[in-house]
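Shared between the two complexes below is chain A, which pairs with chain B and chain C, respectively.
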Partner chain A sequence: MNPVSTIKAIPGHVSRTSVIARHAFTQLVRMKVFYFLAFFAVILIASNFFNLPQHEGPESAGVNILRSIKSWSLGAMTLFSVVLSIVATALLLPKDVEDRTLYTILAKPVPRLDYLAGKLLGVLLLVFVSLALMDILMVGILQLRTNMVLTDQMAMAEARGWPAADIALLKAEILAQGPTASLQGAVFSVFLRSSIIASMALLISTFSSSTLFTTIISFLIYFIGHFQADARAAYLSGEAGTSDGILARGVTLLVSLVLPDFQLFNVIDSVIEGQVMPLFIVGKLTLIGLFYAIFYILASWFIFAEKEF
Partner chain B sequence: MFLPRMTEIPPAVEISHLIKDFKTSFKRQPLRAVDDVSIRIMPGEVYGLIGPNGSGKSTTMKALLGLVAPTAGKCAIFGKDSMKVDSRNEVGFLPENPYFYKHLSGEETLKFYGKLCGIKGAKLRDRVKQLLELVDLSGASHRRIGGYSKGMLQRIGLAQALIQEPKLVILDEPTAGVDPVGSREIRDLIFKLREQGITVFLCSHLLEQVQEVCDHVGIIFKGKMIREGKLDDLIAIEDQTELILKDASPELVAEIAALVGKHAGAELISTGKPRTTLERLFLRETLKQESNN
Partner chain C sequence: MTQGKKYGVLVLAILAAGGLRLPFERSLTNDLQAANLLPRKLEMRTGEKIGQTFSAVSLGGLRTLIATLLNLRAFSFFSEQKWVDVEDTFDVIVDLAPRTRYYWDTGSWHQAYNAASYYLYESEIPPLRRKLAWRESILKGQAFLERGIRNNPDDPKLYEGLGVLLSDSNKIAAFSSPNEAYEKSYEAFMAAVETGNARGYAKRAALYSLARVPGREMDALALANEIRKENPRLPPTVLGLLYTLNYHEDPAQDVLTLADSIFPNRKIAYEILGNQWMRTRDYFPVDGIARVMPLLEKELGVSEEDSVLKVKLLSPMNPDEGR
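And then the complex of A and B:
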């Protein structure tokens, strides 16, 4: 008796999540977040002129500029990605609840996990695209500058009549400061870190009542995450040998399970110094990022599934 | 011809002994928004839920859609438990005072909801176009929702509810904020849905319209269902007979009154213009409850 409806096919989790993710991405883009790229370009150009004081000889002057460019751009990437992932995540969920748009979405056959995952992926997509754009800008400028430094230094070395072996060494040293694979690894680490932060902000926003609260708590946890490892070490060494040792170990394990250790991402600084970032570190950080993202999203789901609107 | 064994058709809506308490932060005592409400709507019926403000109409609908979890009791749509996602495959919902993403245009909004329901490509485009025409928003389809008026929001909400051709449509005050012409159009739309065999569950404060479109009505007061049934049964008054005259002169009415007076036992209760009887019923029932309390 009921007309058989033919226009719909029950979509899978992946396609539904991607619909919500693309929508969240569009929403954020239409909030004009990409304007910050202009600021980034300004910072990047300015970083060319921020010369660190030089104690070493003139031969390191060029290398310092390259470091300065990397340091400023990775710093700006960190700042933008952290702020973007916290604020965007903290904004999306309460906005849907307040505007009551959530009613119409959840009244469709949309599992709440798909909704949460979609929102998170939308934010991550935005962060990823922004980082990719910033990365392109940074690599472009760095490449230009590396070439300039290289020609300068090579000319200088040859004028001074350096032996060929030393010239090759200098060349390698300069190229190590340019756009290397490790630098891409560092940018990817920035992305991984912001995915941890975004999923953490998602978890907080499922039980917080306001965007402001979520933002503040997320930033706090981000900062605490930098001291987590030190605190843990200090606590454990103080407790060592006492009968509470096992309990202390349990507590710290629990803390590190919930609170990520952001010191793991200090490898980014060594990349700025020109060091190589081994592939296994990238793999390790990826696994850690995935672990926390999945852990937080499941925890968010656990809370959100019980929520009433 | 061999007929498949008749399985019982599940009701479109089955709400049994629904109780919903809300925690209030100040008082210890939770607020009982819905108190032991049972509603059963068979496929093809148009059911109207009426009641004063704050009587629990919207809460009942939200429980049916799994947006709030029942404190006690059960809700099911076409036999599927409301707390499960698959119960929402065949249902469209228009919440009260609907609001949508203001950064999307009307067309993008419908596409978004269509995609959530798994409609794709050319089918989605056709369906969106068809619905925009149906709710008379084709002209505004490329404008951002942020600039829509209240009535336009209501209409895009209605289109959104119908996007996946659901078999059950739940409308929470579909005509609120819509002008008289638009409100009549929405009424006609509900008629159309009924003709297509689509079940409609609505609540409204416009009793005249509820009486026009609904075949079943429930009156809810302070969370309790106080009257429920077929509209015709509810508003029929068994020991009375209505005579509706056209172009009757006052003399004729006086004559009839005199005639009635001659018959022992019969009594002329009133003469005058016919009134919306559902409205009368509503007022009588809620006033009765009020005086009982």
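And then the complex of A and C:
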């Protein structure tokens, strides 16, 4: 195929992929996954009541509740996005086979890469929309609560005759616990991690025999992936003087090369604790997320391309 | 291509992609560590204490959530006055969320203040054990705050908390050497000032501690003068210390002239210095007060019987008193 015809073919790929993505999204929405949002709202409201006034001094009253709201919200987002990414992706191919939709699609001139990319994008769109809705809810509640804490604390500081500089410090400290750009960076890292998990589950589902197998293996890889950084560090710092050392280095190298490093995306705890997430880190995380997603989708296509149904 | 060959190629591709991303991931890990964004490794005992489920969940970026849940559990232990459980729970909490000041602050407060008071007033414990438990709790609270500072060296409030604890007149008897405690308290307050985010009182608090260390009077005077330069409207304690520290430097000077150079008027000088004289539990220096008081009392018409110098003073703090 010459370059001109390749460029001409791109809109066709994009439109086919987006049609399949929309269909996958609708298919998943019909599975009533958004009911989770009601559950999330309950968690969010409940997290507002975990205030322990006897447990904190007047100068930090209410600030801990802001941390509690963020912990509960981001925790729920993480769990929801991981479970949804794995289960929804694991379900997609077997469901299409079961409904015989797959045969109808593949009988048409639809490249299998477009089909896989469309399916994955459908899942990612669902995860993105869900996270965005949860994020809006979290930011709304957090903003309201931050304003309340700020009003109370400012009144306390003024009543005690605090100097203006001390009041400004207190204000900055409270605002740092409210909705910040770093918090949005943390939510985005949750989405990036979900994208990797979903694309990895897609690869597994192309050769797996059942949904259950895909789900279990994906969860296992997800958990083991949190130790990849340790394996990499052990490999890079290890000594290979003994036969045990050589074996250990071999295993750690294998783990480092095969498994994704999910620990990289574990920034939410630090952000909840008040650390700032620089923009270049968001950029680098996006790059590595894209690398994984593109690699896994191409690998899935490689296995799926000539698969007989 | 056969199925077997395909899987072979896939495995090779995965390994090659792994080799490609490895240096990038390593550099990103370093960036994340530099920005304090990567969670630290959990200690073995934390994993054992929180159980397998929590350990697994904590891997996935839910450590702060578990810390929040454990904080609720610690509150129950606190309500039931189970101090060992409170201590254990906070040990786990701070391992999960080492950068949250609140947990260090609260964990230390429970040990140094709540548990200490509980042991002091617990009639079922023999008196000697009671005093020992009181002391141990305060020292545990101090050690916990010091651990918090090592984990958060830029946090001024943890330094301030340590400074307050080490100079607390109700706790000073717990420390083997009060002078050393005041010296450490001064260092803690000054460390808070050096972070650049300390509240205005931190420097004054550093002065209050330093002034109580025998042999550091000159340094304390220099600090007091610095504070005076920065803020002409000074609280009574600083004025009182300015008097006693200046007197300590030159005991031969005229005390009324000295008092006039520090206090707005002699009535205020009498009130402030009288209070400082009676605050024996705070260990503030009283140099020159006994000399100036009779002169001020004479001028203000205070009879000899009502003299501040004749008031029966409390002995310095000991945990058996005041009950």
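Annotations
Here is the rule we go by: the second predicted complex is superposed on the first by the 270 of 309 C-alpha atoms of A that agree within 3 Å, B and C clash if a C-alpha of one lies under 4 Å from a C-alpha of the other, contacts with A are read in each partner's own complex, and residues count from 1 in each chain.
The criterion applied here is as follows: a residue touches a chain if its C-beta (ideal position, glycine included) is under 8 Å from a C-beta of that chain, and two chains touch if they have at least 3 such contacts.
Only a predicted model underlies this, so the values are computations on that prediction, with no experimental measurement involved.
Taking chain A as the reference chain, the count of touched residues is higher for C when chain B and chain C are set side by side. In the superposition on chain A, no contact is made by A:176 with either chain B or chain C. Residue contacts after overlaying the shared chain place A:274 against chain C, while chain B stays out of touching range.
In the superposition on chain A, contact of A:265 is made with chain C only, not with chain B.
After overlaying the two complexes on the shared chain, residue contacts for A:97 are found with neither chain B nor chain C. In the superposition on chain A, A:165 makes contact with chain C only, while chain B stays out of contact range.
Of the two partner chains placed by the overlay, neither chain B nor chain C lies in contact with A:83. Chain A residues in contact with chain B (one complex) as well as with chain C (other complex) are 306. Interface residues of chain B, counted against chain A in their complex, comprise 43-44, 62, 65-69, 85-86, 88-93, 95, 97-104, 112-113, 115-120, 123, 127, 157, 160, 164-167, 170, 196-198.
Across the interface of their complex, chain A is touched by residues 1, 6-7, 9-10, 13-15, 17-19, 21-22, 24-26, 28-29, 31-32, 35-39, 56, 59-65, 67-68, 71-72, 75, 78, 97, 99-100, 102, 105-106, 109, 197, 199-201 of chain C. Residues 1-3, 5, 7-11, 15-16, 19-20, 23, 26-27, 30-31, 99-101, 103-111, 306, 308-309 of chain A are the ones touching chain B in the complex. The residues of chain A lying in touch with chain C in their complex are 50, 52, 54-57, 60, 63-64, 67-68, 70-72, 74-75, 78-79, 82, 162-163, 165-166, 169, 190, 207, 222-223, 226, 229, 232, 236, 256-258, 261-278, 280-281, 284-285, 287-288, 291-292, 295, 299, 302-303, 306.
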